[in-house]
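Across the two complexes that follow, chain A remains constant while its partner is chain B and subsequently chain C.
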Partner chain A sequence: MTEPLLSVRDLKKHYPIRKGVFNRQVGAARAVDGISFDIAPGETLGLVGESGCGKSTAASSVIRLEEPTAGEVVFNGNGREGAARTPDGTHPNDVTRFDDDELKAFRRGAQMIFQDPSSSFDPRMSVGNAVGELLKVHGMSDRHRRRAIVEDLLERVGLSANDFDRYPHEFSGGQKQRIALARALVLNPDLIIADEPVSALDVSIQAEILSLIDDLQEEFGLSLLFISHDMSVIRQICDRVAVMYLGEIVEIGPVEGIFSDPQHPYTEALLSSIPTPDPRASVGGIELKGTVPSPTNPPSGCRFHTRCHKVIQPEGVDVDQDDWRGLLNFRDSVVAGEIDVEQVRENVAAGETAPAESEVRAELRREFDIGETVDDPDLERTLSEAIGLLLQDDDERAGEILSNAITTPCAQTEPARTVHGPDHESACLRHEGRASAEPNPADD
Partner chain B sequence: MSSDQPLLEVEDLTTTFSTDDGTLTAVDGVDFSVDTGETVCIVGESGSGKTVATESITKIIKTPPGHVEGSVRYEGRDLLSLPEPKLREIRGNEIAHIFQNPQEAMNHCYTVGWQIAEALQIHQDVSDEAARAKAVDLLDRVGIANASSRFDDYPHEFSGGQKQRVMIAMALVGDPDLLIADEPTTALDVTVQAQILKLLDELQDEFDMGILFVTHDLGVVAQIADRIVVMYAGKVMERGGVLDIFDNPAHPYTQQLLECLPEFGGTGGGIPGTLPDPHDPPDGCRFAPRCEYAEEACRTGGQPEEIEVAPGQRVSCVHYGPGGSPSVVRSEEFGPANGDETGPTGGESGVGPADD
Partner chain C sequence: MATEKPERFDQVDWNDLSRSGRFDLSVNALGMLATAIPLVLLGLYEWQFLGRRTATFEFVGLERNLETIDYFFVFTLLLFVWFLVLPLLQNPRMTRYYWEEFKRNRPAVVSLVWLGIVFVGGLLGPLLVSAPQQDLLVAYQPPVFTSVVDTTPATCVGEVIEGRCHGTWQHPFGTTQGGKDVFTMIIYGMTVTMQIAFITTTIVAAIGISFGTLSAYAGGWVDEVMMRFVDIILSFPTFLMFLLILYIYGAGLGMFIVVFSILGWGGTARYVRSKSLSISEEEFIQASRISGASTYRVIRGHVVPNVASSIITQLTLLIPGFLLAEAQLAFLGIGDSSVPSWGQLISAGRSDLSFAPWIVLAPGIVLFLTILAFNFLGDALLDALNPEAEAENG
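What follows is the complex of A and B.
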């Protein structure tokens, strides 16, 4: 394998949470928690996930807009090709160790495009100067030459040279994003990091910008790290995709592999929630309940297990998968003290008479999508015992017996990456036992 | 609704704004209707007048500078001629709105429960306790877990999807017959979007509401719409049942809109050109300047009359009118690409993303 342009290893970015008079650190939001990926020259890697999963933080840490907490980002572009690791294990091209001069040079090789083109331009600076400013910063003092370069670029991104002296407010959103592209290209970088570059745009404009990015990528031989929450956009433009969940990459692989044969349940769920433009397609598929948990206290084991529809059942248990999910949700709600029995009673009553206990029991089961009986006699007994305790307002004891009886390996073991095909890896316990991935496949 | 008149009937709706550069016509003589229990989607690019059209129905656009003409009949009453106090009784009560950005549609200084209760007490004479109970009930209905304890939380304590649920709860206070949803899921993640669409669908069944849904996302449209109205530059280009529009889009604009999608063989590129200047729309068909099939006849007169091309499907295009030949526009078979004959994207667009 040829040398990757960008190689990210175990990158972490934690935001400290401080409290009290002495500003002591009491915790950390683990926005990015150990991600690794490579980008080959000329390749487009997509980074996809729900909001709050750390995609944008990952991007700004890679380009060192924010200082990463730990990890290594090796950038082999911009004339730094072919460097070897030093004997002490560090890499001379490690962006996280660059000093100021190296960092400035690195910025020539890697550029970023942001989501909102309106807020990434100075309203008082003509777009030509905004684009040309980068050249000035990097030492091109000849004004006429700067102008010539920028005018040429404006034309290449589909605007006209006359637009040089116009101001950002005179352009539409799509045009502004074209200017942002010109600005990213003006230093002739090897890598562009695009953070949701089309999310703020209309569909028809989206398509235009995407095809422009595609054309320019070919023309300039760019590598692209493309961040989006929109799977259909990712599919259109990327060669490979990394799916992120709560600061971790849960699956990475070639676009076709991810879309036709998703291995991680989260990828499956993400794909199935895309509305297909086919009125006959059955609605729904896998519904992910709730939102991404807080990164300050991520779930143990596999971070997705709190929402996963394929949670593994422990040895000796074999109940309906929906019931199992319901049981887990029920357990979590009881332990968190979120179940308000009074309110359930009220809902069931819908009037004067106090509801029968059996109705309340049935309502609780319905609320958590648990069937009338659970296939496993032991679990069934525990469940009805717990509901009984709940009805007597003994939440604590109910939580205790549920936590003891309902356990899943997913909450205990952190899944390792397993290989599914060439370049296609996922981190899910269900695949454990298959060939596990080398921890750092392309490390040398 | 015993009579056969639709729940909402909009005729010749024209909304103009006085600006420094002259009069801007955002919506120009638009007709559509919504029946009880059905979902009508208005689609089009940004700037095509979708939002202004829906906001003109209950006149929540500012007048002046706005000016609304035409007729909007809701259950037989003409809303546009109603005096403001009467209109206020309907707005937010019988006809409810939800907006794209729930963040901006709520007051940050009050708890969400207070805001729902306020909406309730404006329209109904209920005690504080009863309003609270109803608000908790509504929050529970829209799927806010542990509703009674979330009642006293502030908007910033909710996630984007939860805020949109709260907005929906607020819209439901008056058991509305018509819900106007303006891009309610555009600001949300796909997973959350799926949750909200499902919720709206359930609530529609439960309350037997008509829903007027504004969006530019054709995937969402395919999922929820019964009928579609395609708008461009303030005019209706085409209307029809969801299957008709997706299987046999008649208007070149609808075709190109669909062709932007990878599932329809879209290879990117979008629709060349931009929307015309709303101060000075072009003669003839509004889409003519960007239309590849435009002829001389397309560039003269006004927007062509709507012609029925299939039962319930009507299109405003010269080529379907007298003397025109539809085959000019409908030259090829249309539909989602089926695997092998996809374009240069590498053939991966044949498999529907949600096939499982």
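What follows is the complex of A and C.
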């Protein structure tokens, strides 16, 4: 097995939350909570997920713009290939343990492209100097030599040498992103981390930049960690994809595998969000309700279970999947005390006198997408009883009986990684029982 | 091959380069050094080898003497030339862009011209025009185009028509009770004005920027302590402090400048701190950090220039305060009456206001116009240097 260029193991980045006079730590936002992946030389790995799932934090921890809390980032480029682990278990190429000199050298091996082209350049510095600054920082004091290299590079990314003396405000967003690419390239790195490099651009310009990245990658044998929330962009440029949810990687695998045969419900939901040119196509329509839960207090078990449309029903229960999701949501809302019965009554009444109880019951069911009757008689009885208690303003008791009756294994067991094909893994309880992935398969 | 074709970025051997280029001074720094070293040497020479009464340039046969404050003035002028004027010339594109933005504001352009006149007058005037001489015979001459009752001036230099003495071009702004030419005194006052403007700005900017950026970057309790110190500076009664020093040591212009600027940087430091905090969140700062640049280089290369362009405005608006303070102190009779400032001139004409108002009015109007000009300039600079507007237009 060839050595990966970048090998991330169990990387964590927790932001402490401090409170009080003594700044005592009361908790932590677990932005990145134990992710692992490898990038082979010349390969593009996509990191995809919705906003707030920790993609960007993962990137800045990998490149050590922020200090990771725990974990290991082994970077084997930049002439550091083939190093073996030391007897005490640490790796000599572990970026998180680099000292200042090693870190500076590492900067020549890994660079980054930022999301917002308008703020990623100093407005008071000509773009030529902004690109040349990296050469200067790394010891090239010859001004003319810097200029020659940067001018050549500007032409390579599709601008002209005359642009050297122009200022960021004289360029469009797409042009600035080309310059950002030049800046990332100028030290001839082995790895470029691109943090949503095209999401601030028009679609037509996106395509140009993507193909430029593709060309440059091919020409200089770059590895790419490409972060995006846009599955269609990922499909265009990546070799492999890692899908992230709430600080964890839920599925990782080759692009074709993930797109044709997604294994994790979250991946399915993401894929269904890609617009298709055919208006009659029946694909899509998986709607994720609610927002990403707070990373300070992530859900137990599988972190996706609060929003999953394929959440597992306990043994002996077999109801309609939509009803099941609705029941779980209903339970969570009742427990959280979010249901305002008075409000529901008012909505139903719409100006008339007090509505019949049955109407209120129906309205509550509609609100949570629960069918008129639930297939399972026990559950149906519990539900009716809970709604009844709710209507009598006994929220606490209602929450109690719902919590006792409606449970899912997803909330109790943390899913292990299962293997679905070559290099294709996911973490979902529905696949439990298949051969689970051996720990850290790439870590020979 | 490398000599024929331009070198490509992927052909650089970094291991060769890593340790070179530690002392890579810019043209600006070299120019500053080349001009400041002679100045320092001259100062040392005067301090060590010349008597108090010997003129500085006696060794080349010139009568001219340099006071301590003149050394500081020349030094700040050198800073101004090498780090403000020269960079503007070095980056013609940026300069043209700023100028386009700036000249939209007509009053500011007029102000700039006026301040240019005061600047050049203050710089060259004393070299071209000899110092005003006391001559009681020509006391109370009226300004040109005006006339006073014949009995006011001792002898009338101009024509006396129907018992009224008319002003002449010989004394365009009239003369004082001592017969000194008001116009000449205003020109000498320009030097004082420019000295106050340049030296205070330099001191305030130097302390404010270093204190503010340091506080922003240190963070934690260091930040806390530094900002509480700023609170103390801001609430410090500068005027009383100045009076105290005045009664103990006596106070010339130099002391005024030092006391008022050393206690006047609080607002600037606070502004710089908040500005640096917001700038250090920008992606270009992260991009610079990721390039491997040291914190010092990031601050020096990106944070300070971006802060500086916005505090130029704030500093410009600070100058009128110092000028007014000087004039007020002079008017109250506090301060060194031998300093030929506009305030002193106003103060000198105070008792003659009823029959010779020009002694107060001429410097008063000039002072008023200068302060107005600084305010207009500050506003226009704010618009011209505003980076947010740039981003939106771009």
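We take it that the second predicted complex is superposed on the first by the 441 of 444 C-alpha atoms of A that agree within 3 Å, B and C clash if a C-alpha of one lies under 4 Å from a C-alpha of the other, contacts with A are read in each partner's own complex, and residues count from 1 in each chain.
Just so we're on the same page, a residue touches a chain if its C-beta (ideal position, glycine included) is under 8 Å from a C-beta of that chain, and two chains touch if they have at least 3 such contacts.
Bear in mind that the values here come from a model prediction, so they are computed numbers and not experimental data.
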- Query: Clash or fit: what happens to chain B and chain C when chain A is overlaid?
  - Reply: fit
- Task: Using the superposition on chain A described above, determine whether A:Phe121 touches chain B (first), chain C (second), both, or neither.
- Result: second
- Query: Touching A:Ser204 in the superposition: chain B (first), chain C (second), both, neither?
  - Reply: first
- Query: With the two structures laid over each other on chain A, which partner does A:Glu414 touch: chain B (first), chain C (second), both, or neither?
  - Reply: neither
- In the superposed arrangement, which partner chain does A:Gly139 touch: chain B (first), chain C (second), both, or neither? second
- Which holds for A:Gln343: it touches chain B only (first), chain C only (second), both, or neither? first
- Name the contact category of A:Glu396: first (chain B only), second (chain C only), both, or neither. neither
- Task: Identify the partner contact of A:Asp322: answer first if only chain B is touched, second if only chain C is, both if each is, neither if none is.
- Result: neither
- Nearest Cα pair across chain B and chain C, whole Å: 10
- Message: Taking the stated contact definition, name every residue in chain A that is touched by chain B in one complex and by chain C in the other, in rising order.
- Response: 172
- Provide the residue numbers of chain C that touch chain A in the complex, in ascending order. 6-10, 12, 14, 17-21, 24, 91, 93-94, 97, 282-284, 286-293, 297, 301-302, 305-306, 309, 387, 390-391, 393-394
- Message: Going by the contact rule set out above, which residues of chain B touch chain A in the complex?
- Response: 45-46, 136, 140, 145-149, 159-162, 189-195, 197-198, 201, 216-223, 225, 242-243, 246, 256-258, 260-264, 266-271, 274, 336, 345-346, 348-349, 351-354, 356
- Query: In their complex, what parts of chain A are in touch with chain B?
  - Reply: 50-51, 172, 202-208, 210-211, 214, 229-232, 235-236, 255-256, 259-260, 268-281, 283-285, 287-289, 291, 333, 338-340, 343, 347
- Item | Residues of chain A touching chain C in the complex | 60, 63, 65, 103-105, 107-108, 111-112, 114-116, 118-126, 130, 133-141, 145, 148-149, 151-153, 165-172, 180, 183, 185-188, 220
